[in-house]
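Naming follows writing order (A, B, C and D), and every chain is counted from residue 1.
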Amino acid sequence: MPEDIKEKIVYSFKNDYSEGAHLDILNALINTNTSQQNGYGEDCYSEEAVDILKDKINNENIDIHFVAGGTQANLVVISSVLRPYESIIAADTGHISTHETGAIEATGHKISIVESLDGKLLPERIEKLLSEHSSEHMVKPRMVFISNSTELGTVYKKNELEKLSLFCKKNDLILYMDGARLGAALTSDTNDLTLEDISRLVDVFYIGGTKNGALLGEAIVLCNDSLKKNFRYNMKQKGALMAKGRILGIQFSELFRNNLFFSLGKHANFMVSKLGSSIEKLGYDFLNETESNQIFPIFPTEVVEKLTEKYGFYVWQNIDDEMSAVRLVTSWATKEEIVDRFLSDLEKLIEHK
Amino acid sequence: MPEDIKEKIVYSFKNDYSEGAHLDILNALINTNTSQQNGYGEDCYSEEAVDILKDKINNENIDIHFVAGGTQANLVVISSVLRPYESIIAADTGHISTHETGAIEATGHKISIVESLDGKLLPERIEKLLSEHSSEHMVKPRMVFISNSTELGTVYKKNELEKLSLFCKKNDLILYMDGARLGAALTSDTNDLTLEDISRLVDVFYIGGTKNGALLGEAIVLCNDSLKKNFRYNMKQKGALMAKGRILGIQFSELFRNNLFFSLGKHANFMVSKLGSSIEKLGYDFLNETESNQIFPIFPTEVVEKLTEKYGFYVWQNIDDEMSAVRLVTSWATKEEIVDRFLSDLEKLIEHK
Amino acid sequence: MPEDIKEKIVYSFKNDYSEGAHLDILNALINTNTSQQNGYGEDCYSEEAVDILKDKINNENIDIHFVAGGTQANLVVISSVLRPYESIIAADTGHISTHETGAIEATGHKISIVESLDGKLLPERIEKLLSEHSSEHMVKPRMVFISNSTELGTVYKKNELEKLSLFCKKNDLILYMDGARLGAALTSDTNDLTLEDISRLVDVFYIGGTKNGALLGEAIVLCNDSLKKNFRYNMKQKGALMAKGRILGIQFSELFRNNLFFSLGKHANFMVSKLGSSIEKLGYDFLNETESNQIFPIFPTEVVEKLTEKYGFYVWQNIDDEMSAVRLVTSWATKEEIVDRFLSDLEKLIEHK
Amino acid sequence: MPEDIKEKIVYSFKNDYSEGAHLDILNALINTNTSQQNGYGEDCYSEEAVDILKDKINNENIDIHFVAGGTQANLVVISSVLRPYESIIAADTGHISTHETGAIEATGHKISIVESLDGKLLPERIEKLLSEHSSEHMVKPRMVFISNSTELGTVYKKNELEKLSLFCKKNDLILYMDGARLGAALTSDTNDLTLEDISRLVDVFYIGGTKNGALLGEAIVLCNDSLKKNFRYNMKQKGALMAKGRILGIQFSELFRNNLFFSLGKHANFMVSKLGSSIEKLGYDFLNETESNQIFPIFPTEVVEKLTEKYGFYVWQNIDDEMSAVRLVTSWATKEEIVDRFLSDLEKLIEHK
């Protein structure tokens, strides 16, 4: 997928992990560098990060573990919950369904696919799937995977998550939220969820650092007591227990000590909304509504081609012979002047058409 | 295993990953921070690191991939080489045999155990194992796992590795070297191997960054052509393809651009040899000969108890009612003045006995 | 799924494995009973069966192994072919996709689903799937699973299989045919394939005994040389190497020595076609065209309810408020008088409506 | 391992699965052949077999499932009990440790090896192993595998099993008995265990049919309530749920309706004890004491060579330049006249030496 970002390129809107890390985080790494610490996440920085997070989440009854990346988080969590014959339900658009090279199946489990609505899972569609799994000749769906924000940039509303949570409890399903982009979700204009809400409504979730200003790192939050036992064994077995776990603890302390995590998410969303409202004014449509740091505007193909000379982004879908939808992702690191320049370039392209 | 490093502790000799990273590495992270890069190891820093490493190894016919940690390296490499019914041969002291929570078995493969000699594998012992595996009612041993330095701190000599390599080729076995502590091994006084030698004698190895001055990171080197195809698929599936792969590339560039890797290893070894020769002069024995950055001196138990008040280390083995062997590990970050202080404290303890 | 077959039930059309085995097979077991034989398929009866099958298939360049059941055959074959990150392509209706409790995923592999046409896979649909799998962030589809007859009772025509075979060769895909019901397929009126054709067009297939008159047993036929090495290791590891492998050899010798296999398949098809043509004359439609020993007639729901009092079968699909499609399966053991009785009962039900 | 049993061979003492099945079993298959039954073990014969077995075991609080073979039983049971990071403890001589081609590891679990005493596991040795597994950097031993009779032909005494059972309960370990040769064990002269005892002392065991007169089949008995849930899902997933499960039910009904199982075991033991006592009288030693249907006499190598011209058996161990231990296995099918002939041939060989 990725090719070299060429020198001529002014800026890449391909994803939210193109730069390094927020400077506060790098400085924290430097300031703590010489302190000797225990390995494997039993250092005082990781302990501090856990305390800070419990405070922010406002829930003492949770276990928190840090891992390096999102695929790792997903495979460690899911393989630790399911018995061999159990499956995890995910949207057809879900990250684990398509973009993790069979990471979940490699731990022995089927993913039971449900068609999503704008990237979200609906209880009634899960119910239909459950009703079709009636005997030992089929897997037993046991866990539900959702992403927030979703792979299409939408975010779960509180009442949606409550319904899903209630449905899962009724049906003895474990609800898991992949929060790779939780920073953008929780700071979306349309969001009405808090970390505390999430911790009460799902059984397990993770808070993504990599896509919100950290060098690396995701914080797995185990809310359901029955999932907590021996979790570190699973992490170690899957290669997810970092020797210098301190690096993860330091970063999450920094992200949550003073709400850096939220301000970075807000910034990314603001950049995208600026892009979105201006593009809308220019008369263009979108594949779906904008809720977080991804938008999917539909441009004339020749405009797209011109834009690629100076900006990086993915062509998401060919609408017809003349129009293409592209994906623009902003991040904690996207500067407003770049957004302005992009919009100005876009405007010029249209005038010259 | 790990408990909090108490405040009163002057220094911990427990392992070589207690501190953060060498400052040059942190500075490199800062200097490259704002550059936008492709994700998943396809950034220009990782490409540069590969070029630098190929140059240092003096072998163009190798593939290099960076992963976050050692267990990850082991499970990705081994699961990518073996067919389902094949096993990997390892020493009883081997890291994968005991200290990776069944990470290799979790990918479906048995570890065929051979008794080691001072942490090393001998061809004749492997041969015996092979002769006992004669039919489809047993696994087919297909790969050989060695560590350099070994888990006991010994290092492989060139003629030992040559014999093992020849034996493996004759017996259609893939030879794999875990180089978590390769920095200490290659800068040991008794070492006569080069990276180039290793790249010609083994099929695959990895160069450890985590235990030699990096924040995190190991460089997997695939030497045998037949192992190279689609390797990144395996990495992704096992959660080992980091989104910000740049972090690994930047660090390995820094470690190998000006031989920082070797000077850090040399320093660790020098610190241990200073410890060792002084302890020897004080009249104490060792569990085995010192070759790299670990020593196992045997002290009276009451001396051990006194030492633990100010220094961190593991009690490795109770020799008898009065004597205990301890493990002291030095690193790139161990200061000579700390070593001097430890030795002075030790001397005082003995005088007061 | 299964409930007790009640005493009042005249006959069950639920499946083709309700009875024991053809008497010739039971007699062969008795006649060979006291002969001492090597275990694990290395007995003279299994060797004889292999010879007979090679002769019938008219292909010397094949390896043949016997296993107890179909799920076992599928999981042994597929896990033995694929590397960890590779997937198998199957129809949404495919047996491995839905009815094997995640047996394939339990060996670590994703099933890449393609929408079928009447239970069959089409090259153009596979091509689309391949085009969507472009990088190491997704699994690599590497094998194609088809069933003949399909789960919907249709059979592959020679030109269809040739196209699929050619497509697979071009795209470096391994073609695998699940022949659980190959007996019914090869004796279908619409069939134009021979065992020899199949052995030249697919890389591996299996010939089902369980559903065509044997007590148990499927014969795996490896046609592609690259799949043959160490296959028995895989069988043993998955629990598929039977101690008294003789039982499988004896049965397949009996099934193929004098074409019993084909005459049993022909009988099953004849019984279904008798059912089908009479039901058609009574004015009923079918879900799809009849090609082998399964039909899916659409009856008024009240007729269905009456029929269940005397006959066993599955209600396959509710068409609307008044009509339901049922599945009727015949077998080697279905007696013509039973078919006549069923038809007569059906006719009476309609008259009395 | 196996070579063709040559025509000149009078009899093979290689194992206890060389012949087909006891005639009562074959007759039962014939007598039930035309009855239509539900598939997958939900037939009335399997239900009857379960009832008969519960009665014989004198324990209503057990679940019973039938599978085709021993490796299958082991991998289904073990993978169904353990969480991913848990291991099973087995003797170095244990069948799963060496002779199942990594079947257990293929389900993701390490086997933690303990040195056996005459094939048996001792609590104190397990305790040592447990004490060495102290953290999440190692697997968590969670299950104990024993065989009765053991791979060396010894049998567990009631007090031995009681101690082991108590030890396991204290240490939260699941105790599993592989009863591939339970028939020979329970009818050994030295045995003082009943099926009921076993069902109260272990958490799960299986009763072997294949090596005691059945065509195929092992009965898995789940005693511990916590292991019972959804067990059939595991069976199906691992390919162990036979379509014509009736075959297994019919055989076990036959084996246990009138104690055939025990009389067959008794016969095998009687044949071996006749061999043993006569060989002892001829002045030969044994590798270990005889307790069930295997003996390991030590003969001069030239006697061994002569014997192999007429009898099949495995040379087990070369004692020295002149003497070799061989393994002689008797079975339900071994005729007394063959034993007499062997002894007479042996006597003649000695006279002629």
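Here is the rule we go by: contacts are C-beta pairs under 8 Å (C-beta built on N, C-alpha and C of every residue); 3 or more make two chains touch, one makes a residue touch a chain.
Values in this document were obtained by computation on a predicted structure and should not be read as measured data.
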{"item": "Chain D and chain A - chains in contact with each", "value": "B, C"}
{"item": "Remotest chain, chain D as reference, centres from CA atoms", "value": "A"}
{"item": "Centre distance in Å when chain B and chain C are each reduced to the mean of their C-alpha atoms", "value": "52"}
{"item": "Inter-chain centre distance, chain A versus chain B - centres from mean C-alpha coordinates, in Å", "value": "34"}
{"item": "CA centroid of chain B to CA centroid of chain D, Å", "value": "43"}
{"item": "Sites on chain D at which at least two other chains make contact", "value": "1, 40, 84-85, 100-102, 106-108, 136-137, 139, 233, 236-237, 241"}
{"item": "Contacting residues of chain A [partner chain D, same complex]", "value": "40, 79-80, 83-85, 107-108, 136-137, 139-140, 230, 232-237, 241"}
{"item": "For the chain C and chain A complex, residues of the former touching the latter", "value": "1, 84-85, 87, 98-102, 105-111, 113, 134-139"}
{"item": "Footprint of chain B on chain A - complex, ascending", "value": "2-5, 9, 11-12, 14-15, 17-21, 23, 26, 29-30, 32-40, 42, 44, 68-72, 74-76, 100-103, 106-107, 210-211, 215-216, 233, 236-244, 246-247, 312, 333"}
